[in-house]
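Note that the chains are named A, B and C in the order they appear, and that numbering of residues resets to 1 at the start of each chain.
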Amino acid sequence: MFREKFKEGIISARDFTREDIEYLLKRGHEMMEVQSSDILSGKILATLFFEPSTRTRLSFESAMHRLGGKVIGFQSEDVSSVKKGESLADTIRTVQSYSDIIVIRHPMEGAAKMATRFADIPIINAGSGSKEHPTQALLDLLTIKEELGRLDGLNIGIMGDLKYGRTVHSLAMLLSNFEVNLYFISPKELQMRNRYKQYLIQQREVKFKEITNYRKILNVLDVLYMTRIQKERFVDMEEYERVKDFYVFKKKDLKQTQPHFKLMHPLPRITEIPPEIDKSEKAIYFKQTNYGLHMRKAILAELLS
Amino acid sequence: MFREKFKEGIISARDFTREDIEYLLKRGHEMMEVQSSDILSGKILATLFFEPSTRTRLSFESAMHRLGGKVIGFQSEDVSSVKKGESLADTIRTVQSYSDIIVIRHPMEGAAKMATRFADIPIINAGSGSKEHPTQALLDLLTIKEELGRLDGLNIGIMGDLKYGRTVHSLAMLLSNFEVNLYFISPKELQMRNRYKQYLIQQREVKFKEITNYRKILNVLDVLYMTRIQKERFVDMEEYERVKDFYVFKKKDLKQTQPHFKLMHPLPRITEIPPEIDKSEKAIYFKQTNYGLHMRKAILAELLS
Amino acid sequence: MFREKFKEGIISARDFTREDIEYLLKRGHEMMEVQSSDILSGKILATLFFEPSTRTRLSFESAMHRLGGKVIGFQSEDVSSVKKGESLADTIRTVQSYSDIIVIRHPMEGAAKMATRFADIPIINAGSGSKEHPTQALLDLLTIKEELGRLDGLNIGIMGDLKYGRTVHSLAMLLSNFEVNLYFISPKELQMRNRYKQYLIQQREVKFKEITNYRKILNVLDVLYMTRIQKERFVDMEEYERVKDFYVFKKKDLKQTQPHFKLMHPLPRITEIPPEIDKSEKAIYFKQTNYGLHMRKAILAELLS
């Protein structure tokens, strides 16, 4: 059923029901036991990255290898025919001849969605512009579920660049399938766009509050999900300079949190979480990275087998 | 016999007899049935790309994987020791220690030929300067054979940049082994160089006509092979600007063609074929891409097993 | 025992005893017979190259494939999250989740050492700044041992950029475990730094002489190890221009050498060894490249199985 519904691939967090998510969380959990397998033997993953990546690309490639598959692709448009003026549509039509599934990251909003129109194989959106990054959000939910045992009933703060951060858009939409209280924490300039907020209110009846000072609610949070202020998304560099150091989580902040509190981050982080926080058991962003591998094994296995 | 003759690799379309080509067309056809195999298990392909590529590199890598082999390589000289001043000869002598076959694309004419002097393993020319791209021409012939059932007796137009286009040089030379009527269609500035024309006349007794307006002969063509005007080959940018939009195939042009007419292109295309043509069954450039995978499987299997 | 001692990986030539080296030389020799194996099946190597490479990266990747393993990684920081400001520590912590061993090349001295602090898997130093490149030195010793039958009792000249050349630092330190006579041959500006010389004298009681004119001792040498003057290590380009052509080995120099004399070079070479020398049986730098593959198979097999 999952396979049938997502036969075109994974494009937007909006496409997921609670049932879909719970199914993938179960499969991701099972994959934690799978160190090496050959269920994807004979299959080829194409990774098309038009923007830099460490975690997303390498975890998809590692996942494919761990399940017995192979990988082709490119890590920069400079080495591809895009350099000669080829359209994304033509690139997709070509690469689908050589592979069984495509993972694509592209600076343009809607790139992955468009790709599905030109491919007969599944497309996985690994980040399209500032809009969506659904597999990141799926691994975030796996992390929360594994670490806290549940999603319903949690108080979750999402902090940082809520305007341009594609991970937080996908995360908020996935979480809207559960009984959560969301806190959107950002400077005024980087508040979540209305289109997302209206969707959450009108389509999903999710409760959220928008605040600026996270310290006021730190003691009620189960999870604080921080994000990087992404220089590359700003058109106005003065705006970037003004907000880039707006949030820096302090070691003493940890003391205000509940015992089971978890601090998450999609990484890379720059200055917003100083390294001294890393040692705390409440800091789970590197564990999150590891859950990402398992979630991506689950996604590849579902879409390919 | 094929293996013995091509033990140094595939360097130039000039090396192919009709018998060689027909053998590979047969092997390419057989490979259309081979989705996954392990005949190249334990073999390593090195892809050395000194110029950008999507189709050629990825189809060779996919072909290698589909046949059970492995791949190493680089996609830009910037990440290699060429950046430190290493000669191509030294790079080849090194890489041949680590692999069983090398696919090379290089801006310099004669690069692949030179590589054979420094390697004990087969070299495949994946494009050298503006001179040759023989495996592209082999896949083009497979495409024509599979789509039209034969090569002899066809009227084939080759259009666009016939001066700098390496694919068309290799294509004309391969086709000269068959009873074809060739039409070289180009603006005056981009006519095929004399050295190729003299070779076709003197060595092969091929009939060809040079014309500028393709519409005059559209109704007699079985195949029209279009090419991109390649900005990167022009020394004089004014010349490029003058000719870049010389040919744009129009939807209404299709009406002038015979029912079995096929429009081909090595891709990438820019403006010379508008997307609205893609839907026509006469437009087979994406099928061509797919035949490329099978031809490259055949080539790798022949040279390596 | 080797595995236990080097469970953090291979970071510095200083860590090696004579026994460690002899063990790897034996394993490297055995690997010369292993063309294809599956002893590393299910294992993933991550190659993280922050500087260009041909030999080191491709030989490690080929070695991994020859032993049945898989490879992920990047060849330039431009395609990674380092581009977004991520620290090396965070990159390592992430990549170790996706792989079983990491090979890293980085412009910063101590980068590989630092990486071990953030990884639970072995790290292999594939070049860190101008300081160390231990696996190059290990393959150099394998080359000498295989070609001359022994290491003890040899007169070995190390020539070129002894100040910035990381390969020669690691080589001198490894050789200090044997009864060798070393000749450090360089222009005054590029002499080996005191810290290395003091280490050799005080810790290892190695005999060495520093000279400028290699022709004076050419007749006593068993091995001459040449290196490139590395433009990328110079801060002062005037200094580089002054010394870059200081040494050029001449064909007539060969006549001054003993019959069993061997000329080595880690490659790439630029002008310091003209191609006309290549044909001599005394020139073994391309054989050296090939020994590199076997030594790296041995290293990966030791650290991973």
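Couple of notes before you dig in:
In this text, contacts are C-beta pairs under 8 Å (C-beta built on N, C-alpha and C of every residue); 3 or more make two chains touch, one makes a residue touch a chain.
Everything quoted here is computed from the prediction, not taken from an experiment.
Shared numbers divided by all numbers used gives the overlap of an interface; between subunit B and subunit C this overlap falls below half, so the copies present different residues. After Cα superposition, the angle needed to carry subunit A onto subunit C is 120 degrees, rounded to a multiple of 5. A straight line joining the Cα centres of subunit B and subunit C is 40 Å long.
Among all residues of subunit A, those that touch two or more other chains are 75. Contact residues on subunit B toward subunit A in their complex (touch as defined above): 35-36, 49, 52-55, 58-59, 61-62, 65-66, 71, 75-76, 228, 230-232, 267-270, 275, 286, 289-290, 292-293. Residues 42, 44, 46, 70, 72-75, 78-87, 89-91, 93-95, 97-99 of subunit A are the ones touching subunit B in the complex.
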